[in-house]
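Two complexes come next, and they have one chain in common, chain A, joined by chain B in the first and chain C in the second.
Our next item is the complex of A and B:
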């Protein structure tokens, strides 16, 4: 399933003082790749949907999936 | 004014919130795209719509804003319940 969350595994050293975090993740919302927003992007049909989605333009929609609920071990 | 709030109240309030959200988005967009005529027209359309919705709300439920941004009922009733956090 497509997700904007990306995963990586940091280096863990035997001398680490604390138990290692195996997999870490970060969000990659669309605006990282968009640069200067072009005019006349398609918009959501209704203001209410735009409100619930958190943006006026579907191209910029970025649902935040908590890594903790989903379990942050990437596929 | 202690009867519970009706469904229509919340729907109207959500409509106002949605229109104001569109205005907020368009404001930020127009800051960087001042020449976008379509967006300016959309902004003015929603500004008018927002004004209408707020007038409709205030006719039924009392003032939304203070310091002259809203007309007052009689007697002076801006302090009546429900307060914003009680809505």
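Our next item is the complex of A and C:
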């Protein structure tokens, strides 16, 4: 299974004026990997859950939280 | 033609009067990668693209109007009873002078929407690739707005809209495969 977020460590200078964020992240959601959607993928059990998620298929679901609130440590 | 359903695609709830957040959200209303630009881009490209993907552009273009309506509802709720003083503090003083608390198709820095945000190149591959890029940019814009908002109920709606961009991008990527017409025909030597 692919990961929906990738991390990298940019160069930080000892003289950077803002406190450096040592590990940066970017999102890599499922549509980058799925290819042409195969038929008969499993769906969410209820229409209500599918509405809440924004998709019928768990394979296309991409959760998101602010990186400033989720407290990444970079893996 | 269209039928109108008098309800939102997904429920919109906003916890507090917050015109500053409205100023950021308006980016998705009248900005370059916003819902108005998306709807008009797709519905206009339909006329000069192979038949196989016209339906997709119609469906997604229509859904973008449903998203536009959700953003409008969010902006409306965030600013509904804001006083001129609150609007000014939120950086919406110029907006207030021009529009009172009315909504307007402009981006977060107040620039009015323009058709030069969107393209119809007439080349199916160029147009579909623009659409994929537009979906990824809209997804990113939702991320940056979520990062700046601490209203959990509003964020629930924004996460829904972000997910829809993921699904739209997926469908446009499939449209590109359909246009390439080599799907399932690949020969390996």
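Here, the second predicted complex is superposed on the first by the 61 of 75 C-alpha atoms of A that agree within 3 Å, B and C clash if a C-alpha of one lies under 4 Å from a C-alpha of the other, contacts with A are read in each partner's own complex, and residues count from 1 in each chain.
In this text, a contact is a pair of C-beta atoms (placed from the backbone, for glycine too) under 8 Å apart; a residue touches a chain by one contact, two chains touch by 3 or more.
None of these values were measured; they are calculated from a predicted model.
Using the contact criterion defined above for the overlaid structures, shared-chain residue A:51 touches chain B and also reaches chain C. By the touch criterion defined above, A:11 reaches neither chain B nor chain C. Residue contacts after overlaying the shared chain place A:40 against chain B, while chain C stays out of touching range. Note on chain A: of its two partners chain C and chain B, the one contacting more of its residues is C.
Touch criterion met: A:68 reaches chain C, while chain B stays clear of it. In the superposition on chain A, A:2 contacts neither chain B nor chain C.
Looking at chain A, you'll find residues 36-37, 51, 55 touch chain B in one structure and chain C in the other.
Against chain B, the residues of chain A that register as touching in their complex are 36-37, 39-40, 46-48, 50-51, 55-56.
The touching residues of chain C, counted against chain A in their complex, run 10, 139-140, 142-143, 146-147, 159-164, 166-167, 169-170, 173-174, 177, 183. Those residues of chain B that touch chain A in the complex are listed here as 14-15, 17-19, 21-22, 25-26, 29, 32-33, 36, 38-39, 46. Only residues 27, 29-31, 34-37, 51-55, 60-68 of chain A touch chain C when the two sit together in their complex.
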